[in-house]
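The data blocks that follow each hold one structure.
In the two complexes below, chain A is the common chain; its partner is chain B in one and chain C in the other.
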Partner chain A sequence: MLSVAFHTMGLLCSRHQHHDEAEIEENTQAAEIERRIEQESKAEKHIQKLLLLGAGESGKSTLFKQARLRPIKLLFQTGFDEAELRSYISVIHANVYQTIKILHDGSKELAQNEADSSKYVLSLENKDIGEKLSDIGGRLDYPRLTKELAQEIETLWNDAAIQETYSRGNELQIPDSAHYFMENLQRLSDMNYVPTKEDVLYARVRTTGVVEIQFSPVGENKKSGEVYRLFDVGGQRNERRKWIHLFEGVSAVIFCAAISEYDQMLFEDENKNRMLETRELFEWVLKQPCFEKTSFMLFLNKFDIFEEKVLKVPLNVCEWFKDYQPVSSGKQEIEHAYEFVKKKFEEVYFQCTAPTRVDRVFKIYRTTALDQKVVKKTFKLVDETLRRRNLFEAGLL
Partner chain B sequence: MGSCAVDGGCPSDYVAVAISSVSMILLLMRSLLPFLIHKVPHVKGSGFWLSAIQVFASFNLLVSIVVSLRFLKFERRHRWQSCYIWEAWIEGPLGFGLLLSCRIAQAYQLYFIFVKRRLPPIRTFVFLPLILLPWIAAATLIHTRRRLNVRCHMKTLWIIPATCLHAFYVIPLVGYTAAIRHIEFRFHEVKDLWRGILVAAASVAIWVAAYILNEIHEDIAWLQVSSRFVLLITTSVFVLIFFSISSSQPLLSQISLRKREPREVVTMGRALGIPDSGLLLERGPNPLVDPNEALDKLLENKRFRQSFMAFADSCLAGENVHFYEEVHELGKIPLDDPVRRIYMTRYIIQKYIVAGAPMEVNISHQTRQGILCTTDLAHPNLFKDAMHELLQLMTMNLAKDYWSSMFFMELKEEISMRQDGQELEHFEGRNFSPRLSFVENSDDPFHPENASKVSTFDSHDSTLR
Partner chain C sequence: MANKEMSVAELREKHMAAAETVNSLRERLRQKRLILLDTDVAGYARAQGRSAVTFGPTDLVCCRTLQGHTGKVYSLDWTPERNRIVSASQDGRLIIWNALTSQKTHAIKLPCAWVMTCAFSPNGHSVASGGLDSVCSIFNLNSPADKDGNLPVSRMLSGHKGYVSCCQYVPEEDTHLITSSGDQTCVLWDITTGLRASVFGGEFQSGHTADVLSVSISGMNSRMFVSGSCDTTARLWDTRVASRAVHTFHGHEGDVNAVKFFPDGNRFGTGSNDGTCRLFDIRTGHQLQVYQQQHGENEASQVTSIAFSISGRLLFAGYSNGDCYVWDTLLARVVLNLGSVQNSHENRVSCLGLSADGSALCTGSWDTNLKIWAFGGHRTVI
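Now for the complex of A and B:
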């Protein structure tokens, strides 16, 4: 843009041109500048359609919530005000009841089926509490979480059998937020409890159907007319047949992959490993004809859980990572494991990308969707990438 | 006469071929009628494929008889006219054998579902090849031992086992049909099966006679011509009468019969005679819809359910509400009517539960397996767990957005206007949903018959674009 301006100025300032010729050339140049300004502003005001895709529980909705929590100008919807935060109380309480029920029923199942069953048997005094809480968890209408109930849940949570069951959590469908909510029970059961933003991010609800927000990111250039339409979808298998309705005209796909799930099975099919499912899904999405020119942002999510898990559970329990060799320990090992996983995803990307599509944008980001700072930074990077691509497409770069 | 008896091309041959072509066309029309005229969407699953394979097998059977018995005269023999291909393979494992195996598979399914009250343990696509194995073995034997002569006739000694194999396959059909004869089916399943058995038995008897005459007396020209004429005509009639879709697709066969009301979309509920459901509180001072009430109570109200369903459909989550409605309809069938319950259950399972179903719902693995592996399809609480999970899903994920959507505003207006006795306003162009700003329904599985667009923020959009 600047080079054009200089060139124009040079032309305009030149005195050694023939009058007629100069005039004609001036007009042509001016028309050219006009056209390019128009193009650029059109490119800037472009509405970008972003899709959040990924398998179930990969963190799509949490990122979606983050987009709503950020100080951005939301169009037509409100951000998270106190009323909205309060509306999450029932969800958080439901999560608590569901979690303790899964743990209790899981411990009973393990006590029946395992050889070493004694360590999964609840202590005598907690048996009644367990049955009562399991019963509550099986209802449709949950009671409000009172201090008494919270105390009982905490007692059960601290039972050795439940802790043993929790350590086998990868075989049951225990939500990732289990530990967080169990450790904060006293606060959650307070009479005047208002969920914090962190609580809201941890609250787990399966998404069904499609949800959308439109927003305009507030950056240094406040005059920016950039508008994003961000779509969140359900990740379970039955939800994926609905994705096809959204595939037209997508600027970027944000594909979420929870890298901590390499030892877990699907909610909808307990015979399938989650990481393998994510790989197949990623391959499928990459090969979609609609996404020929679409940018791909791969979010390798749940890094916080990955960090802890990778030192205890080797990566090669997952068939896809069976050639992984640990090299050291501690932070170095975590980084090494992460780089290995990242490389695997890159391999899949290049295997599934035809030579004609090789120039589409592909970026990988390490994220923890719960971390507000990390996500804010990542969204900013995504925003920059998309703008640059936009200008490039408009022929201005 | 002499030469055409050997080489084909007698006038009676052409007449027989014409009749068999007509019967094939009629068969195709019968099988495609519900799909074309009533625009029923393509239904996945073994039901559809069994009917399709029956049509394919019928076609094979007719063509194999035409070619192997030399109805048509060809200038020279081509390789594809080989006797072994047509007589041994296409007539047997891909023709008559396949046809009867399909019906046996259908009867087997009905037996397990209605008598044993559970889903068949062996999937159809495994069961069908299994029962075709004897045919494949027989065809291989004939082919390798070269038991056919130049005129595609079998040696006398081999005719008996071949005929026995044909007749033998009618027996399991009789067996399964007898086991389900006491069930009061809602559609014409048993009637069709008995009809099929009768026709198959009669046809086999006539074939045996014509076939034996055709094979044995190769030298008598008029016998050759007339016996093969009878053979082809009998087969043409057989395939037409034998075909039925009621055993595997009772609802579709019902649709094809209701020619007088082509526009009415037949639901399984209506086909089974379940009355329309839901309270409709039009009078009374109490508010119809209270957001604080539990969702399952609210959904019992038909008007609310319709509004909520429209909202859910608009954000591509409609299967949850449709599932609720159909399970609700199932609940209205009395427990002492297990046959109707089983029809409805099977329909719900195929539409909502099976992996890859057209409106598959979002339930856990354990819940799904619990339904698919049940030992009692008529059990009243079969869908209880699934219902529970989905109601929770709807309460936590959909309901919140519904209360702030235009669908709910419209409902409130409608109620208050009804209470005031006023005419309802027309709410065009104001479809607002906090979930989606633009939905294009051209390929919508929930509304296949219309391609409507629900667009919002029209005035805002125009300033942005």
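Now for the complex of A and C:
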């Protein structure tokens, strides 16, 4: 019986005086393990862990890829090499098929349900192509994107009905990259196609696990010294509450909110507004006990799309922003709208932060994940903020 | 035959009507069961004049504290013999301990730090772990370490589309194990090929409708296993029939975090976010007993993990507030709280497990420690 063994050996962990060789061996091994653990833990103290969170299409994965593409020399990652760029070919081709299928099926749906249905009806000569492409897009495995297929996709894309459907993009789940890929079909279907960095940024992969990268933001002249490990858990489409506590103790949570989504519905639930979903998620994350002392960096993302949209689609189509009053036009109006949205997020932050936690760091950044310069600058700011906080906590500030 | 031209709105209506029908049928079934259920286990035992097992603080004492993890402990497992324990922690490590000497024999730095489960193979030569990476990784303890002292992964079981919450080797089979996942499925893996032998639940099958959090394979019939899920149900599966569960057990009102087969293989226990443990019978499908502690002003605590003593007379349950109750399974009474004795854990008890011979209990906690509790003095193991 184990219990008997425990009791004969004493109730406390004791060091035996026997010079039993096997025991000495075991003790040495254990000591070695403990030494290694200590060493590894010390090394890890210099690595700042950042958790990237956000609702489905918040652009956080793009942000993630950006962190790898930055031209400055990174500690362990040096941007994408050709092999890695090539590895994205199948993803990009998949995105093309998925996009044209969504557009085609969307046009059919609109033709069925809309009053002025005729403008969503495909021209006769494109009907067969449409059905064929829709079928391909629904398969588990996609064929290689040949010149012929690319030509057919382009023809369909240029059909008036498809263009009309595209303009209703916010109601259907048409990815932001649709236009980009459709305009580049010739290049994408080339025999010797190698994706450009920009292509990779636009590519959308449904990751299923955790993706992590390590990088070190380097100043123009010197190394900042800090090493960051960024975790993107976007692929988990399940109950966050079952694993969020794994991240207790991270240096900061980077929350991505795509502010251009105020008029769009969720991929998973067509009746739910994306902005409201983002607000709900933001509230939930803020209230988690495991993040009581964690710094929050809010990235208000996709500003470029927001800029274009806000002058055409009023902010108050989103219930959260229903009290918005436009004041002017053009650039002034865009800034005003942005400040309004920013203020709304700040309100939520303070509503969800208990008085005892008010001293945790909270910063808001405006980003366009596809614009490398903006992202670079943003990460530098994040780095500065976190270093100041560390110095503060160490009592040096 | 489905009408192809049916609009989305019409389909949605049909779906809602069908869901209504299912719900009302389920409610009728529940009422019927309640009528058939004349008593529970404790009621029957009391009527028979049974009294609670006598158990006091000296009967189960903490005889070892295993320190070494630098993060919360999430999972632990004993070897079927040779008394070693593997533990997984938020610090991204698996540590293998000699339970008798409390010395570490291995420390494995995982490729993905976010680990949620670990298990020992029946022969004790390998350990499996899984977590947020959605992969179950196998490590052979006999392989040579690399230059950093780390064990290489000997097999990666990938295919899940969500986190791996729990894994267990099929008893006496070092080549097969079962995982549960946040992707709502359980999978039986063939470790030698790395391929999925069966998928339980998932898109076109009737399985769990939310994240699956734990599995337990019957010790009496390794073709049967139960799974617990965020959909508040536990399901019984036959590995030969992956397309649908043998039975679905309702009753809990929150995530079913833990499931464990009762020693005789005819019943199983569950632990849930609703703060209760329950005992279900696999032959009748009935809920036999609810184990619920009345709480005062403190908010109810969640059950994180459970284990049965070797005879099943005792049910050990770990809770999110650091409590660890020892229940008299028969009389549904708490006979000891390991969370309030001296030397207890200082934070949530996240996992626990009984040694193969049933004479020691190991608990793991968010306080980064593991503790071994042994039956004291001349106390017989039950």
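Just so it is clear, the second predicted complex is superposed on the first by the 328 of 397 C-alpha atoms of A that agree within 3 Å, B and C clash if a C-alpha of one lies under 4 Å from a C-alpha of the other, contacts with A are read in each partner's own complex, and residues count from 1 in each chain.
We take it that a contact is a pair of C-beta atoms (placed from the backbone, for glycine too) under 8 Å apart; a residue touches a chain by one contact, two chains touch by 3 or more.
Fair warning: this is a prediction, and the values are worked out from it, not measured in the lab.
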{"item": "Which superposed partner A:D269 touches (first chain B, second chain C, both, neither)", "value": "first"}
{"item": "Touched partner set for A:V227, first chain B, second chain C, both or neither", "value": "first"}
{"item": "Which superposed partner A:P195 touches (first chain B, second chain C, both, neither)", "value": "neither"}
{"item": "Contacts of A:E239 with chain B and chain C, given as first, second, both or neither", "value": "both"}
{"item": "First (chain B), second (chain C), both or neither touched by A:V210", "value": "both"}
{"item": "Which of chain B and chain C A:I47 touches, first, second, both or neither", "value": "first"}
{"item": "Touched partner set for A:I33, first chain B, second chain C, both or neither", "value": "second"}
{"item": "Touching partner for A:Q112 - first (chain B), second (chain C), both, neither", "value": "second"}
{"item": "Overlap of chain C and chain B interfaces on chain A (superposed complexes)", "value": "208-210, 212, 236-239, 242, 245"}
{"item": "Contact set on chain B toward chain A in their complex", "value": "294, 296, 312, 315-320, 355, 360-366, 368, 388, 391-398, 400-401, 434-437, 439-440, 443-445, 457, 460, 464-465"}
{"item": "Chain B-facing residues of chain A, complex", "value": "45, 47, 75-77, 87, 90-91, 94, 138, 140-141, 173, 205-212, 214, 227, 229, 234, 236-239, 241-242, 244-245, 266-271"}
{"item": "Chain A residues within the chain C interface of the complex", "value": "1-7, 9, 11, 13, 23, 26-27, 29-30, 32-34, 36-37, 40-41, 109, 112-113, 208-210, 212, 231, 233, 235-239, 242-243, 245-249"}
{"item": "Footprint of chain A on chain C - complex, ascending", "value": "7-8, 61, 63-65, 68, 70-72, 74, 83, 90-91, 93, 95, 98-107, 109, 112, 114, 116, 131-135, 149, 160-163, 165, 182-184, 210-211, 213, 230, 255, 355, 357, 359-360, 372, 374-377, 381"}
